[in-house]
Every structure is written in structure tokens, then in C-alpha cells.
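Letters A, B and C name the chains as they come in the text, with residue numbers starting at 1 for each one.
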Amino acid sequence: MRTICFLSDFGLSGDFVGTCRGVIEGIAPGATVLDLTHHVPGFGIPAGAEVLEHATGYMPRGTVYLAVVDPGVGTERRAVALRTAAGSYLVGPDNGLLVPASRALGGVAEAVLLSDGRFHVHPVSTTFHGRDIFAPVAAHLAAGVGLGEVGESLDPGSLVPLSLPGTTRTGLGDLETEIISIDRFGNARLSVTQEEAGLEHGTQIELDPGDGRVRCSYQETFGASGFGALIVVPDSHRRLSISINQGNAARALALSVGDRVRIRPLDECQDDAGA
Amino acid sequence: MRTICFLSDFGLSGDFVGTCRGVIEGIAPGATVLDLTHHVPGFGIPAGAEVLEHATGYMPRGTVYLAVVDPGVGTERRAVALRTAAGSYLVGPDNGLLVPASRALGGVAEAVLLSDGRFHVHPVSTTFHGRDIFAPVAAHLAAGVGLGEVGESLDPGSLVPLSLPGTTRTGLGDLETEIISIDRFGNARLSVTQEEAGLEHGTQIELDPGDGRVRCSYQETFGASGFGALIVVPDSHRRLSISINQGNAARALALSVGDRVRIRPLDECQDDAGA
Amino acid sequence: MRTICFLSDFGLSGDFVGTCRGVIEGIAPGATVLDLTHHVPGFGIPAGAEVLEHATGYMPRGTVYLAVVDPGVGTERRAVALRTAAGSYLVGPDNGLLVPASRALGGVAEAVLLSDGRFHVHPVSTTFHGRDIFAPVAAHLAAGVGLGEVGESLDPGSLVPLSLPGTTRTGLGDLETEIISIDRFGNARLSVTQEEAGLEHGTQIELDPGDGRVRCSYQETFGASGFGALIVVPDSHRRLSISINQGNAARALALSVGDRVRIRPLDECQDDAGA
């Protein structure tokens, strides 16, 4: 039995997640289901895609990823399942959500449209394909059904694309990156990874979020900075984050998701930096 | 080992659910426990009963339902376990919470009072029977103990009754229904099911929540209506819901739980409607 | 395979808990992981320690406790694992969090520093030892690795101490206790246990939270008091709590965590009180 890793934007205040779990347990009794998170910001396809991509580094080989952030439910968007080169499965809507994770898992080896109703829960509702299509298909795949059985073959090249915002190197050590999410503490997560940035702990940097420059330092831990200090720190996904120690950076600097941010190191001691 | 489906109003901010899980694991090691929801609105017996009833359609056969919405804990209300005609068990307080689910599972075949202390955790507290009585009894049932062992027999006819609010057909196509819950987005869930209403996608309807009539349309998906539009849509439980697309219907129309709502279709194209 | 009991202050809005679960599943496939709570108030070492200590009474024998409330992550604080006289394991930061639970489990029989990188996830981040050190070590212990293998031996006497606030008996029946936490309903939890207090249901008491005396009664259930009544009740951990029935006691009496509270029974009918 394969492990199922379940991500959604359902929240935990209702019975959406629990009902999907019941459907899975009926089809794949005893399968381990890991709740990655059910609090992807509502309709946040890029945010969900980034979390799913990151999780691939920590889940067991052969995991079935069940991912439902699905603003297009009930419209013409396709329901799909993918097998990756690394032998994992991804099940969810064809809206880009699965794409970065599929790349991290070696690329799509096989794709199908979830067209075979034998693997769905009936009657299929118009508003909750998580319960009626995605969860049961993921459970059948976890229980050993082959990808080719759950629907008709699809050209992987026809999948809706999604690219997470990239990082541009604009000069010696300078780079331009993008804010991909802001958490409830006001930390602004950037697309640039710790490895791409190659900054050394304690480096002084100049930050330009579009409307003026501020000075701060790059710190590898919160504890290394003073109370109220503006800093850039690596987060748990190894991406950089603009933060204020025990404060709210997004509010202080009026930052928004999608803002482009330029980062320029002010001194040149970068010889042994990097991950 | 039977699967346990666990519903409560404990929330997840404390250790109530986790402690019950520890008790279960000690008695029925490795049993699958599905958290249906732990956010039933505080003391909401009808709301919890409706969620539990709906879940019976999605849980494996033979599931043990552990349900704790228990404002009467520490008073004279009885603690009970039921075996249904469909071979499932229900464990919880005798306050009506289990009744609609037991009907959906074929009716009560056998009922007992949880009077045998050998199946409880001691000392039994006065405020947390979830941990001390209901969870351990559910775990023993999941592990194979018979219903007759956990307490003395009870007349099923003596159980505290509960009926979910019904729907009255008041004329050709007209109906009167009741608001059973309002979610955090302001969607007002009605007792009438999609099947009972028999409306066709796009039907214009007149809605009277008691203090005046408003016009809107019945839509099978949110996506089919414009931003800010008042609509009636089926929800994930196949009940109708009064909603505003990306707005708050309960606030806009001053709706409350328990309000009676009249629905009248304005045109007659209902020939192939229904589930 | 041992059961893992997981407590943290990660919350459930992000993917922290889910990522740790993935790491555990990869190392100890199929291990049961019980989420005790992930809402320990931020950086609340004493609050987390109290919850963990209480849980030891309800978890299976031989459980591996994985506890992460870790404001010192990335600093010099040590990462440790303990084996208790009762045969359980505790894994987490050496900041006092594990101490009351280890005592409840018979005391520390063996302690190690988590110095062996073979049992960590690489690269080890500076900000998330839950995922990279504590979760994988707990999983290896659950899967059968011996404590001596995961790091070098440590003198248990060198562990950072923590004592939960105690209760002082200041006269015949009088006692002085401390507020250890306040929940979202405004209930103020006291360090004194139901057994230590030895009060009888219905006893009239005088409460002095430092700035004046108020009268109330000790009740064994909420239901026994009227709407809006100030009462002292035992909570699910068998500690006393200052509460207002359907009101907010902390706000009404301006109570804060750490406040000392004196309790004096006004009548003397305590002959058969106690747990």
C-alpha cells in the first residue's frame, strides 16, 4: 500500500477533509494518509504548488500526492493523474498545481484524464471533486490500481503549465526576486533560494521592494538579530524571507504578494557562502 | 479491527482530541481513527447530528462512530452505545446526536447504557467523558468486544429523539425549509436537499426568509454566477445553501439559524431536474 | 513499532507538521503518530511541559514522545533524547520541556546528545530542527534503534531543569497557587490539582488574585452553576480553573499567566473531599 500525501485548501473547520479520509479508508483500508496542510490560502494555486513541490523532498518514495486547490471545480478544467519518472503519483485538477512537484519528481512519465467513473464516488457532485473524484482515484492508486486503468491517456505536453516566479541575477551578486506569499506573522517569502542567493551569515544588504531602498542584514537565524530588527533569513523551504524579529515586515514595508524585490550585498565577503 | 470515525466540538487548540487518541491507541493498537471534524459549533447537537448522518454515506462498512457534543456532561444524561442494522456502532451521549446517523445506518438494532466501568478510564472525570468513557468504549468495540459486554441493555425506544428540520411542500413547486447552519463565509445551509427541491440549473426563484421576498437564481456551481450575485447552490451534503458569490449572504439578508425560508420557482421548466 | 506522540507549537496553518510526518513515515513506515496538540502557545515551554506531562497518563506504554517548543533553535541549546525508567522515550530540545514528563514516567534512566548525523535529515537547517533532527530521531527510536546509537551519552543531571509552579498551603485549608495558562474562553488554569485542593462540591470559597477578594463557589461541573456565575471547577487535567459560566473570567478579573492566587474555603465541610 502506498502512502498518500494530502494537500488542500479545505481548512479544518468543516468535514471536507474527514469525508475524503472516509472515502480513502473504504478503498484502501489502513493506508497511511499524511495531511501536508489543508490551509493553502483560498484558491492559491502557486502557493499550493510551491508547498507541494517542497514536500517532495521529505515524503517517502512512491507516495501518491492528492492535491486539491480547485477554483475551477464544476467548469471545463480537467481532472488528471500523473506518474512521475521517480515512481510517484500526483492526482488533482489540471490547473498547474501539480506541475512544479512533478518536475521535482523527475518529470511526467505518463498522464491520464480521470474519465473512468468506476473509480469515482457516485453521484459525483458539481462542487466537491475532492471527495468524489480525486480522493477515490488516489486511494485506488495507493491500493495498487495502475495509472492506465483510471482513465484515458493524455499528452503530458497538454497539461496547463505553471512556473513559480524565478530569480534574475542583475549584476555581480545582485539579484531580483519575487514575493510568493506572506504569512500571518508578516514574513514575506521570496522566490529566491538560499543556495541561489549565496549570501554569507551577517552580510549587509540593500533591499529594494520597488519604492526605495532599505538596509538590513542577512542572518541565518532569528536569534542572531535584535528585537525589532529588519532582516533577511532563510525559511524552512530554504527560500529567503523578509522579516522583522517579533514584528510584521509586510506591514512595515507595505509588501504584497507578487512584488519584485531587488537584493544587493554591500560588502564582498562571499567566497565560501552557499548551501 | 474496525475503523473509528471521530466527531466532536473539542476544537484543535487544546489537547482533548490528542488525549482521546492516546486512550484509543492503548486499547486498540493500530486502529485507524478518522477525524471527521472537531469543530462542530459549541453545543450544536443538531449541527453535529447532521454532519454525522451525512458522513455515514462515505465511511467504511462496520465503522465505529465516536461522537461527542455533550453539553450535559456531568448531569443525568445517559452515555450510550448503539449497534445499527447495517452493522455499525455509534458511541456518545444520549442527547439526540446519534439519532439521524443511526437511521441512515438502518435503525438501531441494539442499545446499551455504558454502565460497565471495566471499559472506562479511571478515575472518570466529571467534565470529560470523551476521554474517560466514550473513547475507551469505542476503542474496545473497534477491537472486537461485543456491544452486550460494555453495559446493560436499553430500550431503543427510550433514546432521546432528534429530528433534523424538515421541508414542507406548500404548493406546486413551492417549499418551506429551515436554516440549519451558517458557515464562516456567511453561506446559510438549508434543510432541504437538492433532490427534494428538484430545481433545474438556472431556474429563477423567489426567496422569502420571513421579512420580504428577494429574487435570485438556482445555480449548480459558484462559477456559473457573477461576482456578488445572490444564488442558491447545492453544497457538499446535497442540501441547498443561500450564498453570495465571494460575499456574505447571512449578513446581507440578516439570516439566522432556525429561520424558516420559503422558496418559489418563477418558471416551470422542471421536467428533468433532480439528482 | 512504537507509537509516536507529537506535540509542538507549529500550528496547523503551514506545512511544518505535515513535513515532519513525511520524514517519520519514510523512516518508520506505518508507525502510528498521535498529534497531541500543535497549538502550544508560541515559545510556551512551561505550558507545553504541563501538557506533555499530563499526556503521559493516557498514552500507551513505550511511547516515543516527540516534543518541539524550541525558541532557542539555531543557538547553543542542546538537542537530546531520553529513556525513562518506565521504558518510554522523549525527544526534543534541552530547555526543560521534557523534564516534568520524564519525572511522570519514572525519571530519566539514560540521556544522549543528538550528535550522530546519520540519524538526521540533510542538509540540517538552522531554523527547523523539528523536521531535520527531532522527527527523524524519534522515528528511528520508534523503529527499534537503541538510544545509545543516536548520540553520545549525557549526564541526566546536566539537563536544563524546569519545575511547574507549585502550591503552598498557607493555613488550615488555605492555599496559594499560580495561573499557568489562560485559554481562549478566558478560563484561568491554576497549578493546584483537584486532589491537592481537597474541596467538596458546592463549597463557598474566597479567591484573592492579588488585588482584592471575591467570593465564589467550587463546582465539579459547569452545569451546576448559573449563567454568568464565577466558579472554580476542575478541568480535564484535574487542575482547578477560575471560570465564568459562558463568560470570560480572565477579562472580568484581569487575570494574567503567572499571577499568584490565594484560595480560602469559607465553610469547613471538607471531611470526605478529595479525588
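Just so we're on the same page, a residue touches a chain if its C-beta (ideal position, glycine included) is under 8 Å from a C-beta of that chain, and two chains touch if they have at least 3 such contacts.
Bear in mind that the values here come from a model prediction, so they are computed numbers and not experimental data.
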- Message: For chain A versus chain C, which are copies of one sequence, does the interface use mostly the same residue numbers on each side, meaning over half shared, or is it different?
- Response: different
- Could you work out how far chain A has to rotate to sit on chain B, using CA atoms and steps of 5 degrees? 120
- When the C-alpha atoms of chain A and chain C are each averaged to a single point, how far apart are the two points in Å? 33
- Item | Residues within chain C bordering two or more other chains | 12
- Task: Flag every residue of chain B that touches chain A in the complex, lowest number first.
- Result: 3, 5, 7, 12, 32, 34-39, 51, 54-55, 58-61, 63, 183-184, 220-224, 233-236, 238, 275
- What residues of chain B sit close enough to touch chain C in their complex? 12-19, 21-23, 25-26, 29-30, 71-75, 121, 123, 125-128, 131
